[in-house]
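Given below, in the form of structure tokens, are the structures.
What follows is a pair of complexes built around subunit A, which joins subunit B in one and subunit C in the other.
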Partner chain A sequence: MDPLLPTLLLPVLLPAAAGALALLVPGRRHAASSALGVAGALGLLGAGLRLLDVRGGVSLPWLALGPLEARFALRSDGFSSWAVAFCGVLALAAALYGAGWWKGRGGAPGRHTALLLLAAAGAAAALLADDLLVLVLGWEAVTACLFFLAVSGREDGGPAAAKACAVLGVGDLALLLGAVLVGLEGAAAGAAEPWSLSGLAAGPLDASRPGPAAAFLLLLLAAMAKAGAMPAHSWIPTMSTTTHASVMAFLPGSLDKVLGIYLLARTSLDWFLPSPGLRALVAGIGAVTIIGGVFMAMVQHDLRRLLSFHAVSQVGYMLLGIATGTAVGAMGGIFHMVNHALYKACLFLGAGAVERETGTLELDRLGGLGRAMPVTFGCMFVAALSISGIPPLNGFVSKWLVYQGCAAAGWPELLVLALFGSVLTLASFVKVLHSVFWGARPSRLDGAAERAGAGVPASMVLLAAACVVLGVFAGPALEAFVGPAAGLGSGGAGALDGSAALRAPVDGAPAPAADLPGGVLAPIPLTILLLLGALPALGLARTASTGARRVRPPFVGGRNFDREIHRFPGTGFYGTVREVPGIGRLLSAGESGRLDAHEILRRAGAPAVDLLHRAHTGLLQDYASWALLGCAAVLGFLLLR
Partner chain B sequence: MDGFGEWIWFLLVFPGAAFAAGLGLVLSWADRKVSAMVQWRRGPPPSQPFLDVAKLLGKEVVVPATSWPAGFLAFPFAAFAAASLAAALSWHAALGLPGRAPGDLVVVLYLLAVPPLAAILGGAASGNPLGAVGASRHMVLVLGYELPLAAALLVGAFQVRTVGGGEAAAGTLSLEGIARFQALAGDAVGRPSGILALLVALLCCQAKLGLVPFDQAEADTEIAEGAFIEYSGPPLAIFRLTQAVLLAAMPALLVAVLWNGSAGTPGGRAALAGKVLLVVVLLVLVKNTNPRVRIDQALRFFWGPVTAAAALALLLARMGW
Partner chain C sequence: MERFLPLFTAVPLLAGFACLLLKRAAPRAAPALSVASMATLLLLASAAAIRGEEGVAFAGGWGVRSSGEGSFVAGIALVLDGLSRLFLLLVAVVGTASAVFALRYLAPEEGLPLFHVLFNLLVAGMNGALLAGDLFNLYVFLEVASLASVGLVAWRTGGAEVEAALKYLVLGTLSSAAILLGITVLYAATGFLNMADLSVAVSGGAVPRVPLLLAAGLFVAGFGMKTAAMPFHAWLPDAHPSAPAPISAMLSGLLIKTLGIYALLRVLPVVTGMDGDLRAVLTALGLLSMWGGVLLAQAQDDLKRILAYHSVSQMGYVLVAVACGTWLGVAAGIFHAVNHGLFKSALFLSSGSLERVAGTRRLSGMGGLFRRAPATSAGLLGACLSISGVPPFNGFWSKLLILVALLSAGQPAMAGLAAGAALMTLVTFVKVQRKALFGPLPARLEGAREVPASMFLPVLALVLLCLASGLLWPAGVDGLVGSAADAVASPDGGPGAVRAYVERVHGGGPR
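Up next is the complex of A and B:
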């Protein structure tokens, strides 16, 4: 047996085994399922960390499908190794949160924990896959777990789960067809193992030819559906309202993004040589996703839907970065995937904590929870600043890299749109912070407090701290992990120093003027300077002030302050935006589902579905006739061929 | 800038906090003086802005009972820190100072978004409904002007010019790189796209500084200072100082990106003072000759004609005009 095999299998087997055991935990045995959840996540994390120094893979004979031979092949390289460990971090946060959330509550934590762990195992398999069929199977496992989690969350979760299943099903079908096309192209080119991913990376397909271009587009569709890029996004907001917060945090919020962007990055950087037209298409989808998603988020009144639309919008930055065709842009896209997973998981988990204590996530019904829930507030505050790109947090660094990629690719228009998306995101989270944590607290929330188990705050603090650390110490992270993922052996940290080599456009872009320095971002000096910058003001205030401090009711035009009356809900913040000609109509169309690709296709396909419904008569002889007709068609095809 | 001492000097003294705050207070006196002249008044003495801040600094701190006190009191200091750093980076580029700055145009744009954000968060964290109204107006205004401002400033980075016999654009977001490109190819405002971009940026600057006709967020006659309604004493003084720093930073940024062909030369530095003063005087004149517009009108204005002009400027710049 190859000595690498156990090392490569452990990240899949450990969480899968813990998940299988959790399925056996009876009913409401909270402690046992929590322990298994944490153990499985730690197992994945530990096995992932062991992979960090491992480079290489194993390949065993498996299946022969016509001209295509699938092998059971796994390998660890500069991307998959740390991506698996990162999934372990996300799984640990979800497991810790679950342990705290289910404490003292009803429900079925065993099944919940099991499905999360099985999804993590599937993701590890997909990330470590060195064969397209292994990747497809791991990918499918994650989709299946998501469906079961969505359908088992609440009684009314069925339609949302069906929608998620439909959209992801189309994406998965695209992945399968893309894989077949890739295999056929490889076989036609004489490749010995056409489904081998390391073989593809060694000889990437030229996507300016029709066959590989079609395969590229199919894989792109699969990545978009998984990550939630427009127009394959609508399953995320729909399922958010009926699905547990930890599921939203772990799957659509983070793990699905990791998988989708992993596939897109591999497709664009390793397996194909995309033409300028294809890169522009991906960038265009990215820009539309950024702006469309964030506008929809801004006008939401439900915190879960708001966060879901942001989970869509942020994917746009990842697509845009990777599409630039520059190393710095690709690093930005991949780093943003990591950063997004951290802050979005933190935000979803925080939203779940708020819902646990207040019973609602309607922004109109919340307010003033900052003092009652300080840890949730603090963590969501950091995560909100991070997603808004406030320096020096991690969200800023990855967006900055994407902007540098846009500049190097000669796309100032897309750069402007990406910058604008960041401001809109900020506006949306100002609304969230005000609506949930500030303003007057309605009297019905007077008893609100953080009563969940220690796992809930621990998971959020872990994620919020990671947002700060990855922002301030972005250089080492880029050097060690993100650079190698973007195809660089070393020198990833040079992206922050204006390295010309990392900004070189692939093709088609106007050449930058000679020897001009690139943009520089020095996160550590920037952080120190920002901290120091407050000192003179603090010194002045301390020296001059009388030192007296008085607390008094707020001034509301001379009237006595009444917290039930004197409220300005955050949902009223951006009514003005709706009044701008064109935007209001677009937002209304978005909210009514008229722009939802799933809804449009569902309506268009309704006659065909109706026909199939009618064919289902329930009579045996009808079904037998259909079967006979099918057999006759197959026979006819074989005879006439 | 290699040593820690140089960094400290850069941020806290020159061209950072002390320089920018001092210059900003002098410029705010110029604003008040020109405004007074427009209104046939004598106006205050030059020391007045300094005395105002000093007096506020000596007052007691009042905290509204409904607020989140830590944030309410910390936001002014965050605003000051970010504005100082943005001013230091902008002036570093405008003056063509030696040494490598720790951030580029994008960093400056993001840092310049922090002071409005701090005011917005401070207003929201005060728990006062009028503060929340001010915060929402302030945020809508930010939404309005950031889009055209970014497009206008990128003209400096992407304007195609003839350099060494061939056509090229700076193609970099480094402020130093943009300045060096202009030294080679000429000021960005030397072309129609640059002039259009400067005009757009001036309008955005007006809104960024909260000057009439874009002072809806404070609108003392409507919402009693809006986001600042609960601020008094030292925290308000720090916000006032931040405003002064921004008044020094914004004109320097505009000049650094669009009008900076002579950066680093003695003549260029003398001209810089004139350019900054000209920008400030234009801002003050617009302030004194226009009434406040409604917030929806402001948003439509920025997302309509101003954004169209910025997009046109960017298009012209890419075409080499």
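Up next is the complex of A and C:
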């Protein structure tokens, strides 16, 4: 047996085994299932860390039938190795959170934990896959787990689960068709192992020919559905309102993004040589997703839906970065995938913690929770700054790289759009922070406090800390992980020195701030400068808040203000967006589902169903005449030709 | 093995007659007799499949006929090859599961022995049709199975059942008439009924083309009606739901394949070969069925009708795959037909269990049943995953093979349409699962209880088989499917497979 085989199989087998055991945990034994969850996640993390310095793969004969020559092949390279370990971090956060969340609650933690772990195992298989079919299998396992998590989590989860399954089903079938096309195209081009991914990377397909272009588009569709890019995004907001926060954080919030962007990065950097037209298409989808998602997010009043639309919007940056085809843009796209997983998981988990204590996520009914829930507030604050691209946090670094990529690719208009999206994101999160943690607290929430088990704050602190670390120490992270991933294929520019990408303009194109001497971005000095700048501000704030102050209830026109009635919730912040001519119409169309691809397709099929249904009259003479006419048609066709 | 070939029809026939004879004396013996006869068939068929048996027997063997090249025994030619072997195994597996399921599903009532008479006749007819080496016996056995199934559809003798059975009878007679007419045309043109002789005569080139095309067209229409391909499908959505659950499983799981797909695969290569026009006709029928069935299923609330419309749709896949004309397409089609036999019978049996648990077949009246009936629900869930094509269930592998076959045959549009229909299938079965098994439990069903083990165990066994034939696909299953495809198509696309069939039959008897 190949000595690499156990090393490569462990990241799949450990979480899968822990998940299978968790399925057997009876009823409400939350301690046992929590322990299994954490153990499985740690197993995945450990096995993933072991892969970090493993380069190589195994390939065992599997099935061969005519043109189908799949092998059971796994490999660890500069991308898949750390991506698996990263899934371990995400799984650990979800497992810790689950452990704290289920404490003192009813429900079925065993099944929940099991499905999360099985999804992680499927993701690990998809990431490590070195064969098209293994990739498809792991990929579909994640979809199945997502469906069962959504449908069995809450009694009203069914419709959203069905929608998610339909949209992801389109993606999965696209992946399957695309994979078969790639295999057949490879075989036609005379590849030795057409179904092997490393073989494909060694001889990428030229996507300017129709066959490979179709395969590229199919794989793109698969990646878009998984990651939630427009127009295949609508399952995420729908699902968010009836699904457990840790599921949202782990699957649509992070793991699905990792898979989708992994596939997109491999497809466009590694397996194909995309034509400029295809790259522009991906970039266009990315730009539309950034702007559409963030506008939809701005007008939401349910925190989960708001976060989901941001989860859609941020995918746009990843698409845009990878689509530039420049090394710096690809690094930005991939790094943004990592960063997004961290901060969005943190935000979803924080939202879940808020819901656990207050019973609602309607922004209208929340407020002033900053003091009652300090850890949640702190973590969500960091994550919110990060998603808005505030330096020195990680979200800033990756967006910066994406902007550089746009500039290098010669797409200034997309750069402007991306910047605009980032500004709107910040605006949207100001609203969130105000509505949830600042402002006046409704009296209904007077008793709110962080009562969940220690796992809940621990998971959020883990993620928020990762956001800070990856921001401040972005250079080493880029150098060790993201650079090799972005430079894997011949489509990229070879293995890159990550920190060099931060400093030097790439591809000869001038970076927007290239006139700064000594480099474009140096995160550590930047952090120090920012902290130095923040000190006086903090001091000022401190002097303002200390000292003798007299607090009187507001008194206007002979009446005391009622805190309940005169609260100023943040939901109305950007209501004016709706009054902007074109945008308002688009927004209301978006909210009514008229722009939802799932709804459009469903309605498009209805007339056909109706027609067929009405044709089935139940009358024997009708049925007999169909049969006779069919018979006549068959005979006529065969004889008269 | 040749000596045992007649047993495949003789055992169920004898069991059926025994049921009839013991109708008064021991009415309780009939269900046990059915189970015993199915178990015997299962043993025989597994032995044949495991040992890879092939052979020819001439049942009866009455007299010697001289022909130009020599003489051989005349009799009912029974031919066992890769294709018939696989389908015999499928019949035995699904038949056994249905017979065991029926033990507790059908209450011991007046006339139960007659039910088992028909059940055994149905199996005898299907097995006979699978083994028949000449067209006339194929027709006779096909009629035996069809008429027995009409009786079984009308079994509950309510208004709806009798109406469904009447439609089934009339359309079934139409299809039989078309098939008989086709046989007559061929006989008139060649003077042969034995398929091997026919093949020799046709490939000799002396037979004019028009009668051959006429016969092929009549066979496509006739067997197409038995397959319930659109537009010949209209009987199926009434007939299959009206039958008792174990019979629905037999009809949807077996009958439409043995009398439809198998017969098409067996007869067409002998008559005209799979030429371009014929393939176009089969593709058109397949496409219509695939999409028509799945769209019609969207509007249904009755679980059994959803399943029935999906049978139409799934047969569409099989037809489209077979119509590729390549060896891979045939193999994919056969594999899908077998898989459909396994998961659709599991689905129909579960629908019977769910009806028992929930007191209704309407999805809108169900909900949250996973908590009340976990074993039944697990069975339904597995079968749903399998038909939706979720790995590692067998449905995924045959879907994959069909897509590979279509794409490698240069039909990307057809592959896209097949993938679209697969998506609609997934959507429907997601709906079935979530409405029946998850969500809130209606107050009416608070007292719902799990069905007896003899009802959920056969379903679970079928689901395990679905899983096994998916997981073991590279280790053994590909051999079964591959040899089945070898029997009717050659990897090089030439007429080698038909020639091998002819040699087997002609070499089988003493010259």
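Keep this in mind: the second predicted complex is superposed on the first by the 543 of 641 C-alpha atoms of A that agree within 3 Å, B and C clash if a C-alpha of one lies under 4 Å from a C-alpha of the other, contacts with A are read in each partner's own complex, and residues count from 1 in each chain.
Please note the rule applied: a residue touches a chain if its C-beta (ideal position, glycine included) is under 8 Å from a C-beta of that chain, and two chains touch if they have at least 3 such contacts.
Computed from a prediction, not measured in an experiment: that's the story for all the values here.
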Could you let me know whether more residues of subunit A are touched by subunit B or by subunit C?
B
Identify the partner contact of A:438: answer first if only subunit B is touched, second if only subunit C is, both if each is, neither if none is.
first
Of the two partner chains, subunit B (first) and subunit C (second), which one does A:430 touch, if any: first, second, both, or neither?
first
Just subunit B (first), just subunit C (second), both, or neither: which does A:628 touch?
second
After lining up the shared chain so the two structures overlap, which partner does A:616 touch, if you call subunit B first and subunit C second: first, second, both or neither?
second
Return first, second, both or neither, reflecting whether A:573 touches subunit B, subunit C, both chains, or no partner chain.
first
Who does A:46 touch here: subunit B (first), subunit C (second), both, or neither?
neither
Partner chain in contact with A:177 - subunit B first, subunit C second, else both or neither
second
Under the stated contact criterion, what part of subunit A meets subunit C in this complex?
62-63, 65-68, 133, 136-137, 140-141, 144, 147, 151-152, 155-159, 161-162, 165-166, 169-170, 173-174, 176-177, 180-181, 183-184, 214, 605, 608-610, 612-613, 616, 618, 620, 622-624, 626-631, 634-635, 637-639, 641
Touching subunit A in the complex: which residues of subunit C?
166-167, 170-171, 174-175, 178, 210, 213-214, 216-218, 220-221, 224-225, 231-232, 234-235, 237-238, 277-278, 280-281, 285, 292, 295-296, 298-299, 326-328, 331, 368, 370, 385, 390-392, 396, 399-401, 403-405, 407-408, 412, 415-416, 419-420, 422-423, 426-427, 430-431, 433-435, 438-440, 473-474, 478, 482, 491
Sites on subunit A touched by subunit B in the complex:
368, 370-371, 389-391, 396, 400, 403-404, 407-408, 410, 412-413, 415-416, 419-420, 423-424, 426-427, 430, 433-434, 437-440, 498, 510-514, 516-522, 525-526, 528-538, 540-541, 543-557, 561, 563, 566-568, 570, 572-574, 576-577, 579-581
In the complex of these two chains, what residues of subunit B are touching subunit A?
7-8, 10-12, 16-18, 54, 57-68, 76-78, 80-82, 84-85, 100-107, 109-111, 113-114, 117, 120-121, 124-133, 135-136, 139-140, 142-143, 146-147, 150-151, 154, 157-158, 160, 163-164, 167-174, 176-177, 180-181, 184-185, 224, 229-230, 233-235, 237-238, 241, 295-296, 299-300, 303, 311, 314, 318
